[in-house]
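The structures come next, written out as structure tokens.
First chain A sits with chain B, and in the next complex the same chain sits with chain C.
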Partner chain A sequence: MPRTTAKNGKKTAQPALPVGRHGLKLSLPPDADSAPKGAKAASREGLRSVGKSSQRVDGWEKVSGVAQFVDDIEFGPGLLYAALVESPHAHARILRVDTKAAEAVAGVVRVLTGKDFPFKFGLYMKDRYVFAQDRVRFVGEQVAAVVAWDAKTALRAARLVKVDYEELPPILDPMTALEDGADLIHPELGDYPHVPWFFPKAKTNVAHWRKTRKGDAAKGFKDADVVLEDTYTVPRYAHCAIEVHGAVGLYDNSGRLTVWTASQSPFTQRNLFAEALSPLGLTHKDVRVVTPYIGGGFGGKAGVSMEILGAAIAAKVQGHPVKVLWSRAQEFVNTYQRQGVVAKIKLGAKKDGTITALEHKLYWDAGAYVEYGANVVNAAGLSASGPYRVDNLHIDSVCVYTNLPPGGPYRGFGYSEFMFGLESHVTRMAQKLKMDPVEFRRKNAIKEGDILPYGAAMNPTGIQEAIDKVAAEIEWGRAVPSKDARKAVGKSLVLFWKSPAMPPNASSSAFLKFNEDASLNILVSGMELGQGLLTAMAQVASEILSVPVSKIRVETPDTDRNPYEWQTVGSHVTWGCGNAVLKAAVDAREQIFDLVERSLHLDRASLYLEDSAVKSRNKPGWSLPLKSFVIAGIQVEDHTYKGGPIMGRGVFMPEFSSAISDPETGQGGHPNVHYTTGAAGVVVSVDRETGKVRILKATLAVDVGRAINPGLVDQQVIGGLLQGFATALYEDMRFDAKGRIMNANFSDYKIPTALDIPDKTVPIIVEVPQPDGPFGARGVGEHTMIPAAPLIANAVEDAVGARIKSMPVTAEKIALALRKGA
Partner chain B sequence: MPITTEFDYHRPKDLKEALKLVWEGKGKARLLAGGTDLIVWLKEGVASPEAVVDLKGVPELRKLEFKDHVLTVGALTTFTELIESEVVRSRFPLLWESSRTVASLGVRNRATLMGNIASAVPSLDGAPALLLHEARVTAHGKAGRRTIPMRAWFTGPKKCALLEDEIASEIAIPLPEDKHAGCYVKLGRYRGEDLAQVGVGVMALEGARYRVAFCAVGPVPARAESIEALLKGKKLSDGLLKKAKSLVREEIRPITDIRASKEYREHMAEVMLERGLLAAVSRLEGRGPAYGTEQI
Partner chain C sequence: MRKASITLKLNGVSRRVEVAANDTLLEVLREKLGVKTAKIGCDRGDCGTCTVLMDGRTVRACLVLAMEAEGTRIETVEGLSKNGGTPLQKAFVKRNSFQCGFCAPGVTLSATELLRRNPRPSRHEIQEAIGGNLCRCTGYLPIIEAIEDAAGGKD
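Up next is the complex of A and B:
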């Protein structure tokens, strides 16, 4: 794949565009890839801002503590507090809710129950309720809320709300829920509105069944020399963002509903709030969502979970802001959890290492409500081949209701979950074939143009380069003796891939406004989650407009002020929102060139921007500072002014995408816009007696297409791997026999501390451009977590010979397996 | 998250006043020192006392001194104060080593050693060092002042010998007269803060004498007398260690809970006993490893 390069101001080869085959179009602006002659401080490939590790635009605010989060915002003495009445049962009928005693408490303003909001909501399937109606489906589900003048009174009064339940037997695992005659968790499933790419089975607990069929799996297995079958299990996980969920709603006396939320999805929230509350007379124009900085999201703050309470309760206490803030325990229970999965894998291969067939059956513990989680199941069902060329493929990804808390998005969106089994299995298949597992992967890794599980062609990928670099970094093939006789050193290398999971019409948009001093305000609704989006967007605009990043302000969204963005999920905003910003910047630049051409009569084609000024290739030494005209306009010979404020506008929608396909085979659509791929490796030391694993080195090479900010990519690698290693080694949500979570706290749900960081982490950036990405960029946020679990499982086996097939791969499991084997 | 229970808050100026408040409380008063347990219980509604007696202003409880081969640790002494004390670091390295494993820095800055043993949870890291040093707690009650040896302190899970009308004022930790070295080995699920799933404390004294104590593997932290008797007068060898390990399952009664299974706890208690003994003897002989070094 040739790179887009520019030397000495001349354009060289454009990337080979797969237009037509992929339906992708190059969106690089005409001269975004060519630096003008003599460009000062031009960086690699002629770029001046993109590709540099600029300091974060939000860095100072966050380091100094002035950054504001939802709970920091001052709402004055009129602020009310809501406390929840929650179900103690995993499954029960609500017989009666008695709110009298709570209402009688001094300081209580209002007590609200399901009767006040008899309507459903949901992102992809409308199966959730603002408050439980006639039944509760998980422990912790909201049944009522008490609104009071202070938090203490609200909490005390909430204990006085009496709810009579008739307990029903809970279903706590997907395999039981799938049995014939299993009790129905949603008897009305057949009536729920949902997106057209979901296939719920009425009168069962199956909320969605994604089938992907390609080639002839039966024939593939017949052609195989070796067939390996096994089952892998993955438990539920919690995001544990440091900031808990919170929402403050204000339905003012003019009929305006404003909700301040800790969210990744302000516009999706506005849409769902307006939809859900439309029976109260609200329309989209009346609803405003403001999202200040958030203290981590990881998917847990995507869509709408508890925030509906902030919106709905506010609508019933008009004139007063009302705050709903989760405790840490509620954070574990009533937001989203990463879904558990039982994965049954059957893989066939020839002696020469060619994969002939893969059957991958995924049974997801999706929880009580699947309005978001069913799309995780869908995404996995489209991509559970992993980054391999598999001609004969059979995937069943089954979304199963259970009486556990609602499942949903978590960094990796299904891929972290299924890749544990798949990449464990791939290594084991290589062992069976007596083949080097890296060689086996190299041989079968997907290439550009290969046919994807759903029939479209694979985008450009640097996966082979990633494999080579990771193998070199961990010195694959060189055995490392342990200095400590009680320990053994092991290595592993696994692959990963992931595509954004988004509706085909998910779009991004941007406004860009010049100020008098030629500084810029960029308005986007892509959310800063800590990943550095605001900085990357400033760099994209800086690149086009030659305004330094330090003179660009990009802030978190307010749906009244900032233009539309679908959601900040799926590792798509650098790509989608980046394209919108790029287009807005190009729009502004073209306005500038138009103005200069018509007011100063300069040859438009000769114009370029450099150092916040317009210059002309035909007039060396001439320069018109942007600040002289971007607001004031250009004064011409007759003393009149031309122009006016320069404002750019950019909209991006992946117009080639489609989610409609044959429900029996998954063939025919183009649901995924592109895949980001890569490879990762670890060197671990495992104590044979204690089972303890120490990560001596971790490395991950990811093909980001183009690193807009390499420093931020490095941080994604370091953070994502660490988060993944924690799920691989010790994190694990536990529930008792009644469906109650046993570790809704950090005493027993362990997230990594500074002491648990690998001894060394080496990020490696691979850049094979994405033709439709801004400057070739594609997403990277989630990918860095995905390979962590199979890396650990495979390296542990390499070190001490124990194969652990259920996550997490704890020291206990390893030690007991070794003791048993000894 | 606010505390929703109502209680009277008292901050006595001396021990006499504190005791009076405790007696007036008739079992419904709770003592507050570091508060790292009590405040959490109040928030979670686990504790709902009628009165909270804040001891932080009681001067008699604020003490950390080494005199006549005895370290006296006042009830208000925090783990951070112990860790930062030069006397503790140089003369009571076992106490220093185990104190460093308690919770996290933030908790250690507030939590007290006395509070740790008064909460008497089976997993408490403070216990093995105190059991091995044969420490004594001084308690003041209606009947006056008494001394409780560590061996008699723990009476059950979350139960200690302190009576309802008593306040424990200090812990006396004697320094063994003979040359000695120790080791505390703690099993956690990761390297960050954790409650011990198994804790093993070992003290090796000149003349091939050994003291061994476990925590988190039975209803109360306790010395392992059969193991001490087996080892007495003998040099460590592979055979002896094997025999010692074979006695572990008779000395401990671990349970399966969310943190670890009984099986793993038993296995690890053996492994940790061996490593603790080897490290303690090696330290006694001046060969390290340095205190604070991970043994597992």
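Up next is the complex of A and C:
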């Protein structure tokens, strides 16, 4: 059944290079040679737009300041503002909510509480509430909202809402939550609806337990010459998109609900809003979600978090738009956070460096609600072998409720978290075996056709090429003496992989319309998060239709206008949405050829598109400009017209994917569509006194299958690595003994500035095509962050001999370890 | 709440506006003067997305009281973007410097101030000049390189 292997994939309807059923050969434009690096390989195969580092279609819009974000949209003087009443306790029963004083404040329109919305919602498991019902489960949870004519009044009145609580002991770490007899955070867990691939344990704090078993781990360890066991810990992290979350809802008097949100997921939001608010009589057609540009997402704006408030509150103040905008402090607490994890790893290997067995137990601090976070746990549980061939594998990935803010997706979706421990451990195993850690990786790295942890076959991968290129870039094996005696230089090379985590039927679709001048509008609901999706989609269509990228407009989604996309997450839209756009473009092209054939009687097989015109191999010099007929049609001998507006339509669903497997082993399904793989390396210098780390060089080679826009891929590498290095070196969320966050601002939770970048960053693109990807492309967005933490931990050890097993690898930890060691 | 009328020159045009004593310049720009390029990122001086030029110097509009802007010259990205933009903006577009673009207005004004004062800055001076403008997407390098292009007169 698996169809992602090269051989099978080539048989699918979507060839790597779409030549259409009439064997259109793409032509090589004269300027192909002047294309930037990375485009050369593509040009060789005759591509004209794909593979070029073209300018972003949204570049000037953003630089000129014209690009609108949700808080920039004007709603006029009828706009209301909502302020939240939040729980001060990590775990408590709500005894009474008294809204009288707040309601009496002049300018207050309405005060809403849990009683107004006795509904649950959630993406993969319905365990979350619009407002807390009878108990609160984290500090900052929304208990009530005050709606007023201006934001300041709403805030002031919110402070007057009196809530009586009965405090319960909070559970702040997963290991305590797992103890026998631990208090239950969700006593009703057994009743929550969830997707069929989750396995919650009723009457415990375990919301999901993903088991993956392959081969015979016990035997594998017996066969090993060396067995190494250790525990690694990863704290929680915050996305810190510079734009906070916001939503504006309008339930108008005709009964339709429009919600403008800062979101990666317009259609998923529409679906969850319609489901959650169906008791109010709303159906999907009555709900519209508009997502203007967003100021960074990184997974934090996926699914539905605070946006439910914009939708729900609007439903209670019919006729007026109402805005909910998070403060920076709320942004830290009440969206999603990256989950912390305790990782217990046991690895066995033979003297010759062959891995014989891996046991990987992951205990996730998933927080108070796991409607999205449990799927992070699931994804890790399917892939915690890392990009290695492991015949005897035992993975437990356990999603544990705690009384901390809800966990969820963050760039890397579980892989950033577990790869810290795994890639630290792999280097240590190589040391035990007295083997070069790069050699050890080369020997065990996964290959095309190898059996994945859940039993399907691995897709094509350029991981060996990536290892070679990174090793060369950091001159692996060549020691670098430090010029400064107080500092030591170290290097490391680690591998990474990741697959999109999505339901097996997550689909993409596209419409494409020609305008009178043969310019194009492409309608998709893949979201522009900054990654350059709009540009990549324009390039894909441009390639097929020969219309220049500068004449293609692609805009952010509006669910009334744009066709369906599940969500923009998991680094899958270039692949999924790209396939839909490609199909839409081919559909339009075939309509064009049909029309030319039947109205001008030209041999269809001879037709091709070039420079926005139809040409024929049989009639050199003849050309019919697209603009002459894509709206107006073609006039024929009797002066009538044939044709009409050309509009393409494309739909893509990975029809080979399935999430159903044996709950005890994880075997039998095909949950992951493909893995993107690669290698990364650093050269660092470490101050032996202070422990301060400086990154002298960072490099990352990623096999993107085909770079639709190599320049934008390079930028994913540069941006993602820095975001990762910050989690590796200094970021982390701190909570006090009562579960209150202590650093919910940018002074105390420091993210990198322009002064904190590596001295040098070298992106490397590897292109081993993905058979079912548009032009061979597969995803890249998240992967560039994943290797950052083990890179640092391993390079620090290489430099000064200190092995840090908990993130972040701070200067303080290094200095203390060195003092202890000395 | 004490209210007052202030007059300021916004992108070369004289504007008069009624403000309350505790209104910040950022609130007044966004809500009363139609300036949407100064963004709210933290509202406490940490992120730099609200950066505007006040009498030629960068300020964080979230930390300036609107009343302090009386009689000043305020420049925002709306003002720079007329007629196709400045050479710096063109360099940003050419380099695909921004991803989500949310930080772009603040970064643009910090870099504009730098280049006016110091047309040939070193890389470190560029990093310092935009060091108060947080960007979560780009890793800063494509921004820094575009500022170098603009400074070097490349277009």
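Heads up, the rule we're going with is that the second predicted complex is superposed on the first by the 779 of 822 C-alpha atoms of A that agree within 3 Å, B and C clash if a C-alpha of one lies under 4 Å from a C-alpha of the other, contacts with A are read in each partner's own complex, and residues count from 1 in each chain.
Rule of thumb we're sticking to: contacts are C-beta pairs under 8 Å (C-beta built on N, C-alpha and C of every residue); 3 or more make two chains touch, one makes a residue touch a chain.
Only a predicted model underlies this, so the values are computations on that prediction, with no experimental measurement involved.
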item: Touched partner set for A:V66, first chain B, second chain C, both or neither; value: second
item: Which of chain B and chain C A:T761 touches, first, second, both or neither; value: second
item: Partner, of chain C and chain B, that touches more residues belonging to chain A; value: C
item: Touched partner set for A:L529, first chain B, second chain C, both or neither; value: second
item: First, second, both or neither for A:G295, with chain B first and chain C second; value: second
item: Touched partner set for A:D587, first chain B, second chain C, both or neither; value: neither
item: First, second, both or neither for A:N743, with chain B first and chain C second; value: first
item: Which superposed partner A:A815 touches (first chain B, second chain C, both, neither); value: first
item: Touched partner set for A:Y730, first chain B, second chain C, both or neither; value: first
item: First, second, both or neither for A:D127, with chain B first and chain C second; value: neither
item: Residues of chain A that lie at the interface with chain B and also at the interface with chain C; value: 327, 747, 752-755
item: For the chain A and chain B complex, residues of the former touching the latter; value: 151-152, 155-156, 327, 687, 689-690, 692, 726, 729-730, 734, 742-743, 747-748, 750, 752-756, 810-812, 815-816, 819
item: Parts of chain A lying in touch with chain C, wherever the complex brings them together; value: 53, 55-56, 58-69, 71-72, 239-244, 293-298, 325, 327-328, 529-532, 711-712, 715, 718-723, 745-747, 751-755, 757, 761
item: Residue numbers on chain B that touch chain A, as the complex places them; value: 1-4, 104, 187, 189-195, 258-261, 263-264, 267-268, 271, 296
item: Residue numbers on chain C that touch chain A, as the complex places them; value: 36-37, 39-44, 46-47, 49, 76-78, 81, 85, 89, 92-94, 96-105, 108, 126-128, 130-144
